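Notes follow the structure.
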Amino acid sequence: MPLYRSHILVCTGTTCVLKGCTAVQSALIAEIKRRGLENEVKVVETGCLGISEKGPVMIVYPEGVTYCQLKVSDIPEIVEEHLLKGRTVSRLVYTGPVTGEVKPAHPGRQKEQRIVLKNIGIIDPTSIEEYIAYGGYEVLGKALTQMTPEQVVAEVKTSQLRGRGGAAFPTGIKWELTAQAKGDNKSVICNADEGEPGNFKDRLILEGDPHCVVEAMIIAGYAVGAKTGYLYIRGEYHQSVAHTEKAIADAKAMGLLGKDIFGSGFDYDIKVFKGAGAYVCGEETALIESLEGRRGESMVKPPFPPTQGLWGQPTVINNVETLANIPHIILNGGEWYAGIGTEKSKGTKIFSPCGDVFYPGVYEVPFGITMREVIYELAGGTKSGKPFKAVLVGGPSGACVGAESMDKTFAYEDLAPGAGALIVMDEDKCIVDTVNNCLKFFVHESCGQCIPCREGTKRMYEMTKSWTEGQGEEADLALMQALTSNLALTSRCGLGQVAGTAFATSYKLFPDEYLSHVVGAECPTGKCTMTNGGGKNNG
Amino acid sequence: MSAHQCGCEGQVKQAQADEAEKYVKLAQIIDEYKGQRGVLIQALHKAQGVFGWLPEEVQIKVADGLDIPLAEVHGVATFYSFFHIIPRGEHTIRVCLGTACYVRGGKQVLEQFEKELKTKVRGTTEDRTFSLEINRCVGACGLAPVVTVGADIYRRVKLDKVPEIIAKYTGGK
Amino acid sequence: MEQVTLTIDGKEVSVPKGSTVLDASKAAGIGIPTLCHLENVHAIGACRICLVDVGARSLQTACTYPASEGMKVVTNNPRVRSARKTVVELMLSAHRQECTCCPRSLNCELQKVAKILGIQEHRFDGEMPEQILDTSSPSITRDSSKCILCRRCVTVCQQVQGVGALFPVDRGFETAIVPALKNDLIDVACVMCGQCVSVCPVGALYEKDSTDDVWKAIADPTKHVVVQTAPAVRAALGEEFGMPAGTRVTGQMVTALRQMGFDKVFDTDFTADLTILEEGNELLHRVKNGGTLPMITSCSPGWIKYIEHFYPTLLPHLSTCKSPQQMFGALAKTYYAEKAGIKPEDIFVVSIMPCTAKKYECQRTEMSAHPGIPDVDVVLTTRELGKMIREMGMDFANLPKGECDSPLGLSTGAAVIFGATGGVMEAALRTVYEVVTGETLDNVNFTAIRGLEGVKEATVKVGDLDVKVAIASGLSNAKKLMEKIKNGEADYHFIEIMCCPGGCLGGGGQPIPTTNEIRKARMGAIYEEDEHLTIRKSHENPAVLALYAEFLGEPLGHKSHELLHTHYTPRAKYPETDKEEVTTGGE
Amino acid sequence: MLETTQCPNCKKTDVADIRDCVRQFGRDQGNLIPILHAVQKKYGYLTADATEEIADWLGIHASEVYGTATFYTLFSTKPLGKYVVRLCDSPPCHIEGSLSIQKAIEEDLGVGNGETTEDGLFTLEVVSCFGLCGVAPAIMVNDEVHGNLTPEMIPAILSKYRKEGN
Amino acid sequence: MANTVNLTINGMSVQAEEGMTVLQAAQKAGVYIPTLCYHPDLSIEGVCRICVVEIKGQRLLCPSCAYPVAEGMDINTHSPKVREARRTIIELLLANHPDECLTCSNNQKCELQRLAKELGVQQVRFEGARRDVPIDTSNPSVIRNMDKCILCKRCVRVCHEMQSVGAIFANKRGWDTVIAPPFNKELSEMVCVFCGQCINRCPTGALKGNDPAAEVWEALSDPDKHVVVQTAPAVRAAIGEEFGMPAGSLVTGKMVAALKMMGFDKVFDTDFTADLTILEEGNELLHRLKTGGTLPIITSCSPGWINFIEHFYPEQLPHLSTCKSPQQMFGALAKTYYAEKMGIDPSKIVVVSIMPCTAKKYESERPEMRSSGYQDVDYVLTTREAAGMMKEAGIDLPNLEDGKFDLPLGMSTGAAVIFGNTGGVMEAALRTVYEVVTGKTLENVEIKAVRGMEGVREAEIDLDGTKVKAAVAHGLANARKILDLIKEGKADYAFVEVMCCPGGCIGGGGQPHPTSEEIRKKRAEAIYAEDSGMALRKSHENPAVLTLYKEFLGEPLSHKSHELLHTKYTAKTKKKAKA
């Protein structure tokens, strides 16, 4: 490995690309070459540095200086001043408080405790060497050579890690069930079909630290006795696919995948599977159907995947974030992990506040943090400065929560976080309009095989739509409630079961706003289609 | 009634007396037909002759008197276009919608009457001056469209003639 | 009888002179579809479904066309088929099709005819007549959008019941069957008997559905829900499940009710026995004390409403006894409530009745022992019970047989026969005879007063007394007796009147269809049930005797009067009309 | 009639080409979606010939191939524009005004949701969340993403593609 | 033996076997649970949610058709929650279903209609957009009206699982889901074999046969036409069901009487040409055995099967017998032999078939089937459609007195009757081949080895020392197995019988609804009963057939036979639309 005097990390996260980092990056490389510094300075692409709102962003090591809001025209100056002359270009330096290795965008970042996101923004996600340099694959070696599969499962059980995709099933138990189930062709599936609106954490992990997930999948495979891992990534996540494919190829090249890994006799391979645009494939049995080349329609349960999953074989399916915790748990021990968080909710959780917040983004914090801390401190409160109205915790399939719950803590025993999406609305936003939009989403994404979901979501959407158009009837409200509870009882998979949650919870919070729409044909916020085209840009 | 200050008590009393007299006549008619079969239509004819139309009360009296269910009396009354179960106006305007009149604009004339009188076909104006009806051919096809008001016949009625015809019977009111 | 011979579709058949082509085709085993035709009641050739080719220029309706010697009838040729199809299609063009949620689905004559004729298209599309949906009555709902104007309801209301609440109004496309003056049913002298529902071929008339209220009560843990079943229900309920008419299903019915979740399954028969004791004693009392005679029974709420509207001056003839249903309700919320230690307001009484008028009866203000709490909360018809059992997915025919709960479930054969015309009279005679004579009645079967004739008369020797009795079922028959009384020509002591033809077994809440044949079969079942019971006289019912001993004291006692007797209200024959318009006409 | 597969560039029909495209994958139904991705990428949409070819290769019915393809929004059975403009209208973007963005795009392109411009350059699709909630409202044009949009930004973005495409 | 599991259903203690579903356990205990997407012939789909039940301890309602029993389970099949859920589901379906019951082919047989009634649905609280898909009337056999489809996928399952044809599939998703051939083509443009099994599984009126009743009525009333009817063997064992008679009621005589009442000039029997088929096909087999022709020879009576092999295994067409199906042999003879004999102008003869089959409609329109110079068979009615016509004519079939087939084309033997069952053609052929080959009388004519309901059956028959291997398959998925064996050279059979539909023609797509293994077995029993009650049970003993050879055809496989009774097949591609 050649030795470089300086490393420059250029953020190429999806959001920074939007800000023009690609041009900045190529200008930088060209300038370095022009100055003949290519053997001394290495330009590294990295995932989101967490301050995308100030992008394009780069950090120069070893000094750890962060430059932000860069333009192509700034590059010659930086190369000249900083790299050649060793002087910081102060007018471009990001001035937010700096702690540790991460350069927080704002004071709220200090509340973060990064375990899963530890490497994000630090390393070059396309370089296996860097991952290894930061301690990567060490744990894999430990697990494969020093631990039995049973011990690995036990460690995960000790950690009390629960699934981070929303359902919060204990991961250790899932692994144990799969390990104990009979089958000669077990699989591990990493569910990266992140489709819930408001969630973008898995994308960040796969873009910024794909090896972490690859390593976790190998460990999982070892623990449950699987031969193959499948990484099911949303078809829309092009960069995630590119980075993980490269990561897997590199790992294979280094013998970290394939036959007899670390001489342990364990054979394992990982395949990247690109989804094709169907939210319902985030449901584990629909995902399996999709992997088998079928329509992504959920399967009848039981049997559950740990006993009968992909190709009828025992299968463990974990969310990206869940898996990304694994190397840290094996490295530091389950006990260590169980020491973080609250009594029933261990470890950290990644949140992705968005909507009307000042700093939308991805934040990793320990369980037990209050909603107020996340919304006001991490996400900086409402973007408009107007009072907070409500938040959809977990996205459209989650509960609508109001200001009265502001001091509740995020934990499975208190306020369940779902997959971590927090869609925040300020007082200007119309609840009925938002719920109508959630239902539109479910109509579009229902797989359509079971009647309650296929026909029910459509009727619910039609009803809320008529409300936003001032066409409602009072009886609609009771009917909507009846329909919601019936869908929850009879739908075949989670999609239909939760499709009415946003309505049911928001109706409890804002009955008057609904009545005003349904009976009075009036929208108090004036944001409905009944008053205008909707949305902030029309206000 | 005592609240009336306009001195119309006399008129009201007169009206009540007229009304009472009509019911006496009705009782006679009913007596005439009592116990006979197949007389409902004649009875209704005569009753309408007295009242000008068939108020509910009259239908009830006929039903009771002839021992026929009221539903049947009402059903028969509504079957024949000659019987009126809503009060009639002083004048009946009939617009002919026979084929010849129809093709020469009878329909439009009718609509014009509806508009001017603010009532629909088979309806009566609020002040009970006019009832509006349609006619099937009156045999004056050469002069279509034809409108009759009582015994008066108007031929080749154009739309602008409609207010004129109406005014003739309202005395310009 | 003189016979005529004709050929139908090439098949020779002989029928009595005076038969119609339809009768002849039946004899020949050739099916001709019908809709407006109602056997023995109504053949008006209005619906044109039964058109056949008799060789005439136009097709003729088989239901009206007389069969004649040497006639050649073709029931199936292109002319006939196309005519019938067109007729049905035209009907459909004015029929609101919502079969799947229609109460008559799969028991609808129009649906059946459409199927038989293989109707698969709907060529006429256009304006639908204005819908009149009348939900004003507690018993009957009318929906003109499904009416095919067959006029069966008109005929049955007018000719069979002599009520005449319904008649066609307007004409042509606008024709509608409505109550007088286009009033709502509640505003006219409708007796709520439901005979119109019973004959309606489609879903234009149906009972007010109360099943949801009952399901709600059953699901409510704070309610103690008891059910009583009228005698005629058990003789007909099986028909709702495809069993032949006349199948007795008492045991299965009890089991079904229990599985549905009723807390107690009782029997209206219990209070039928009680009625006999009260009414029998009332009769004896009137006879002894020169009270108003003849005394007339008061079990049938349609009949009560009829006399209130049409013969208010004869109301003193009525027995003051409440109907068994209402006696039951009153006792359930007093005697039983006390005995079981349950607050009357927590008891929910459901009746299963062959009758739609009972739905009205239970809402009468007189019918509550505790102010503001009705004695009977909900009345369901036999059909509605059938519907609920279907919703429970039960295999009704194969249910194990259950027994009613005591004490209000114990009864005698005398109570069972209340379901048939003449039954109350027979039951009363069994008791009156023994009470008066002090002797045991050997043959309890008074066959002289059984049967389906509209008016029956008999003289029964009870000790020294020749008791003259009369029995009528169907209100036009009742009318005959009323006219007799009015004219002072009736020397009867006791008259039994049932609103519906055949008595309760032919009630307006019974399974559809109800024909004379079916009435007979149900009647057979009722007398069979009576025969099978060991106790067949009301005054031998031990539970009734216990009731007197524990609670009521004696027949016609103070408590009896309070709970088991009632009074009647004269009612106008015509609705209150808005007279204002008439009197102010001169303005 | 089933359309024959045409190469979008040379407009030539090449069944053998499809065959090669399909047969680089294993004969196992698990490869159906990867194959569909490959065909979609190569031809822009799923043709009838390709459907038959895939069905033959995987030993399943063409009806199943078609049914499966239509289940997923990323596959099309009709030719699409050179640039597919995908607009997110899920709650985060909706709250932030995606409807006004849609309006701006529709005005600029003159087509509605699911339609393709006459020149065959653009197809507009209103879709569910693609994980750009942090920069809502957002669109994707083929693989490229654009976020924090206002209606005013739309003409510039689209004209860039228009230039590239012509 | 599976372990016993103890459950409680509606408060009753019930025992079930491990591995059973809750539905099976309930059915075993006599507890009724309504179903819609479930069908005993097909795999479990579990999508309609009508069969949901409440299981103690479960948060959600569970679909009983897919939910396995477990020890101690406490199930309520009709709790208020369950009833409300079912009712809501039906209402949701109805909100998206045309209000056309009265003009629907499935009126009064419709499962949705029945369920709505049973669950007490009296209003539909939901309203909104409805599906609006064009009706597919592209082909002579199956009409698809997807507006009435409730997406239970029974048709998809039967097409893929039992028939392995796969003409249709669920397309798009969510509320837009529609069952259709790929690319929204019409059925005639795709590889559909027109077996009609989908119609028989459809719970609503979304799928129906293409009904020529109107044309048949017209022909019957045309005094210039001589209208003859032939009835296939399987019809008589099933048509009674359409009149409420139990499955397995044999109504041959009543059916004949009814057809006469309808006005057919002659009521003939396809059984006559079934016997003829045996003579032609049996001789063809012997000929191939002797001359080293393509073996195995495969039967060609079943038009759905013919469509299948033409499309999917065109290279194996030489295995097919060249015999036309009995229906088509009949048509050809009716307009030649019979016309000549009766002196009727063949252009005035209208041949109507009553078939258990929808593919026969397609077959009759094939261009090859005009060897009389006219379309040999004019109209094909399914069993259901024929019953519908009888009802329209006011005929009360169950109470009719027996009628008799007309001669000569109404004469037949027991061997012909059993054509209706899977294995029947084989058995009939063996009865004749045995006697022809050995010259001995076959003592026991019932060849049980080829009877039964297993999908593929094999038998070895001893023809006086010569062993002949035969195989029987029914249902096209099973036929596929045999064809694959032949393809791989692993089939050493001499003779193979293939029937398109499960159970053979008695389970045909034109037979009464519903159908299930149990019902098919009952119909099969009725057929065997008819056979055993007949005096003549071997085709070569049919005197009318023998007369036919003498008077007209000469001998089996003669020139005239070839002209009228044999045909050829066309290799077709799977990409039918291009052809």
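Each chain carries a letter (A, B, C, D and E) given by its place in the written order, and its residues are counted from 1.
As a convention for this text, a contact is a pair of C-beta atoms (placed from the backbone, for glycine too) under 8 Å apart; a residue touches a chain by one contact, two chains touch by 3 or more.
Everything numeric in this text was worked out from a predicted model, so none of it was measured.
Note on connectivity: the fewest steps through touching chains from chain B to chain D is 3. Common neighbours of chain C and chain E, by the contact definition above: there are none. Here the largest set of C-beta contact pairs joins the chains A-D. Comparing each chain's Cα centroid with the centroid of every protein Cα atom identifies chain E as the most central.
Taking each chain's centre as the mean of its C-alpha atoms, the one that lies farthest from the centre of chain E is B. Measuring from the averaged C-alpha position of chain A to that of chain C gives a distance of 68 Å. Between chain D and chain E the centroid-to-centroid distance comes to 43 Å (mean Cα coordinates, whole Å). Per-chain Cα centroids separate chain A from chain E by 54 Å. Residues of chain E in contact with two or more other chains: 170, 172-173. Looking at chain D, one finds that residues 60, 64, 67-68, 71 touch two or more other chains.
With touch defined as above, chain B holds no residue shared between interfaces to two or more other chains. Interface note: chains touch in the pairs A-D, A-E, B-C, C-E, D-E.
Residues of chain E touching chain D in their complex: 160, 165-173, 181-183, 185, 190, 574-575, 577-578. Put simply, chain A touches chain E in their complex at residues 278, 280, 295, 300, 302, 443-452, 454-459, 462, 479, 482-483, 486, 488-492, 497.
Across the interface of their complex, chain E is touched by residues 1-2, 48, 51-52, 56, 60-68, 70-71, 77 of chain D. The touching residues of chain B, when paired with chain C in their complex, are 11-12, 14-16, 18-19, 55-57, 59-60, 63-64, 68-75, 78-79, 87. Within the complex, the chain E residues that touch chain C are 10, 30-34, 77-78, 80, 83, 90-91, 94, 97, 99-105, 107-108, 112-114, 116-124, 211, 213, 217-218, 221, 261-263, 388-389, 391-396, 399-400.
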